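Presented below are the structures under discussion, each in the form of structure tokens.
What follows is subunit A paired twice: with subunit B in the first complex and subunit C in the second.
Entry: the complex of A and B
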């Protein structure tokens, strides 16, 4: 088991190195030098060269990549040569906002998605089965940003139940905090509720037909216990999907943050892109990669705990 | 506490289980009902071993699932009674039926590969059964589980409790399932083709095990099989089913000596004799009747070598002659 975990962690690190390299290469492949943006259109070639030299932009590509990577390993994301601010600090300032919305959305998606999926699987043709079917149509076809705008229009503008945008940190009180992140989180979650509900329902319906479920019933186990028997075996694909969803949510969160005017990572990222702020851009995208890899790693490890066959399989 | 709530024998000397006119049907696409079990009657005495024999589709497994009330949609019981200890199982509410399953009547199935939960240890699965029926501590349930596992011939049972099903061979898994089934000392064990998915040598071991449990623990057994010879080794009585009906029923010696229904005779001839001279393999011509296409008369009439007009027109009644019951217009 320990060796398997170690192997899985090593391969995750490999993924990070590869993605980091691709990211670094693509950032630099785009048009426009940060020197030109910082110094303006009037800057002379000598000034540009001096700027590039001062910021290490004239060094060979691999040397730049190596330096960036070794800095990151020490927890240093570098200092933006556009704004002069520390990239790590900028991320640390913006991340809690995005994280708060995504975590809340993820919790909503898992609780409702898995809950509706289980209820639908247990009663085919029942209320939740119909809810699940309706949800999958609505959830999969309604874009999150549009839902966000609709929510702002009705819940905030017409009903005045919630503020139409902005962000109050947790330090401003839990109530105020939840008020600002509720609509963004719901907009973000609806699609994933639909996906997770469908997956849970399909997977559980499948395992409920299993021979071991019939055995459990033939031995007189209670219905809840029988459902647990089926559920343990139904969960692995749901957990994998949940982990992927968690990663994707960070991507969608960028758009949702714009809709609700929330000062999260989206603002920092958009600024970084428009200003060719390589280090900030790399830092944020690399952070997303780490989150994505960690989520999948966690799902893998949880599944190994759930399925004893995976523990011995190499 | 061992007897809490357990139904005690009525003491009238009646059979432990009496199936009366049992019918199982499937709802068909056009809204009608297609019957797969068409009025099955037979009984099992306490401690008796009965073999239920027939080809696939004869309705033998469906009948037993109906007895356990484990039929899944779209199959459902459409008629009859299942008297166990003087009460009709088909009339019980689900909670009381659940209390009987595993405690008074347990069932093991064909494929030990898929019949155990892959995510839970063997011990957990047996203790769950124990604790579903008896108020015992975890330690006590574990002790009972180890005892059951040992009872079915698994060595080092205490340690094997922590093994997962994938760490067991097919034969050992079937043993583990039987251990689950006998953990609460039921009075009836229904084994639905328990050896079909196993190697021949392992098959013999499982058959021997079931015979031994029956002898030592006094558990009545219903052994479902398509192999008449295999069943004959361990049962007292054989019930032969065809086309959703009982066609012959009697003590194993009498049936082996002189089967009266032509179908039973052909079933007997189908299993090659391994000790005698080598002859050609016998097969029964044709295929069993399809659901919803049951002949009007005897269901075996289209394949029967002795068929006469009466067989095609009318189903013969199940009549008793000496120790045997058989349903045939032209008994052999």
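Entry: the complex of A and C
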């Protein structure tokens, strides 16, 4: 098991290094210079050149990459040359905001998605099966940003139940915190509820049709116990999908935070893209990559615990 | 009698519902309205700096104008008024020396009294090339600032240039002597505490969220501001910005969506107004050095084929005043005759095209901005496509981000480009930057006309409105004759606010003016 974990960690570091290089190359290859954004349309060529020199943007690509990588390895994300603020601090300030929304959305997606999927699988053609089908159609076809705008329109503007946007940290009180993250999290979760429900339902139904389940029932095992055994075997693909979903949620949060005016990482990322704030952009995308890699690593490890065949294969 | 759940399922459902309801705080059921004497306003974009000498975003100038002030102010109506000076300056006969008497009741936020030394220091800092102030090029005709006595300061220009006074409000501010060296530029950029004289004192910057100020209790205009705290929120999404206003979370929003503006301003509890800016022009940068735009008749054909009134009324819902020359129709220097020369007339457009090197039409690439700024230029560009097709000109739309587009225009790499260009609202700024040689956007048109340059130089010598009107009128006549740049009109500044807000006036210069607003 230790060898397995070590192997996965090494391959994850390789992935991170590759993504870091590709990210650096892509940000530098794109058109538009941060100098023009910071100095504006009226800036002269001399002012632009001064800015690029002062921020090391005139150095060769590999020299810039080497400096950035060595800073990152020392935990220094650098200082934004657009805002002048420390990128590490900016990420640390914004991460809890995005994390609270994504975690809440993930919890909603897992609880409702897996719950509806199990209920639908146990009674094909029943109420939950129909709900699952309806949710799949709605969840997969309704864009999250549109749902967000609809929620703002009806829940915030018409009913005045929740504020239309913004973010209150947990330190402001659980109530205020929930007020601000409920609509963004629901908007973010609906798609994944549908996906997880369908996957859970399909996987569990498939497992319940297995010979060993029939044998277990014939041996007189209680129905709940049979379902639990079947569920353990049905879960690995669901866990893989959930891990991927967790990573993807950070990407979708980009739009959701914009719609709900949430000052999180995704909002900072969007600003970094439009302002060509390379260091902030690289820092945030690199962090998203780490989260994605960690989520997949966790899913792999959990699956190996649940599924003895995978341990044997490893 | 209350029916209690009788079976297990009903009981579990009721229990879960009850538990959930108990967890929800009562505040969850009612969004909190904006209360007290906090004025909350909203910007549509994320500011980069508060420092006025490095500011480039006109919406974000409200930040600098809250903290810093100037000798004179170019106010919301486009009128020049004294601010930190007691009166408008006395100007010498050769129009090169300006003398200002300063108010004696002004203190900085740190309690220090403002004197002529501070004024001199501020200008000296701005003008020192080593300090790399972004707005320095606007003031380089200032040769020297001299302290005559603690409350009197003299500004000497290297040549007559009356326009510099109009640029102060947007691009300059007075700060204490020695403060730049003491605090550094980042301090002015993101936490300017104690260094301004304005009605608001910097409090906190929450990145990507809001910037707040508290009332300056020692403000020299007694009784102002009427609020205790000013919060400037950043909400880029149009629908969310409007939702914040409709739910009373904020008091005033800028840049309301043009399509929704007329409907929103009549909603209960909401007030809205717009007014034409004197310096916000929707321009078509026609590259005079690239075919087919190198042909005068072709350029005039384009101009005459555009129905600007329909664009203003139908595409931008009345938020664009149609104009064919580089002067706002509501400005005192607008030349109606020159405007008619390039105005909509399809028959004339066809005549000009027939006389051009391209009598059967041509194909042009037009570069437009991806992110809307004030108006979405994509809307006008699509309309233009249909309009110019009537005279046989095919338009290909090319969409770029602002940073890419502006570089393309500045280098003259475009064929034609459309963009909203915002200026302080005096007559020469846009002309000087787009159709005169040696400026940052000179290559946007590639036009160079000594006759126009001479008239511009003559206008710098004048301060009387009647004489200036004559000179500006002649400049517009020349530009109508040569059509070096396409003009579609001048944009409106518009705002929406809650009915509880009093004494708010839309600023012709776009930037929200909040010093006199009551909540």
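Following the convention adopted for this analysis, the second predicted complex is superposed on the first by the 292 of 314 C-alpha atoms of A that agree within 3 Å, B and C clash if a C-alpha of one lies under 4 Å from a C-alpha of the other, contacts with A are read in each partner's own complex, and residues count from 1 in each chain.
Throughout what follows, a residue touches a chain if its C-beta (ideal position, glycine included) is under 8 Å from a C-beta of that chain, and two chains touch if they have at least 3 such contacts.
In this text the structure is predicted, and so the values were computed from the model without any measurement.
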First, second, both or neither for A:217, with subunit B first and subunit C second: first
First (subunit B), second (subunit C), both or neither touched by A:225: first
First (subunit B), second (subunit C), both or neither touched by A:154: neither
Subunit B or subunit C, by number of subunit A residues touched: C
Contacts of A:306 with subunit B and subunit C, given as first, second, both or neither: first
Partner chain in contact with A:233 - subunit B first, subunit C second, else both or neither: first
Partner chain(s) touched by A:61 [first = subunit B, second = subunit C, both, neither]: neither
Interfacial residue positions of subunit A with respect to subunit C in the complex: 31-33, 36-44, 47, 50, 82-85, 90, 93-94, 149, 152-153, 156-157, 160-167, 173-176, 178-179, 258-261, 263-264, 267-268, 271, 274-276
Touching residues on subunit C, where the partner in the complex is subunit A: 24-32, 46, 48, 56, 132, 134, 137, 186, 189-190, 206-209, 233, 235-237, 239-240, 243-244, 246-247, 249, 371, 400-404, 406-407, 410, 433, 440-441
In the complex, subunit A residues that touch subunit B: 209-212, 214-222, 225, 229, 232-233, 306-309, 312
Complex contact set, residues of subunit B against subunit A: 68, 70, 72, 98-103, 106-109, 111, 114-121, 128-129, 132-133, 164, 166, 177, 180-181
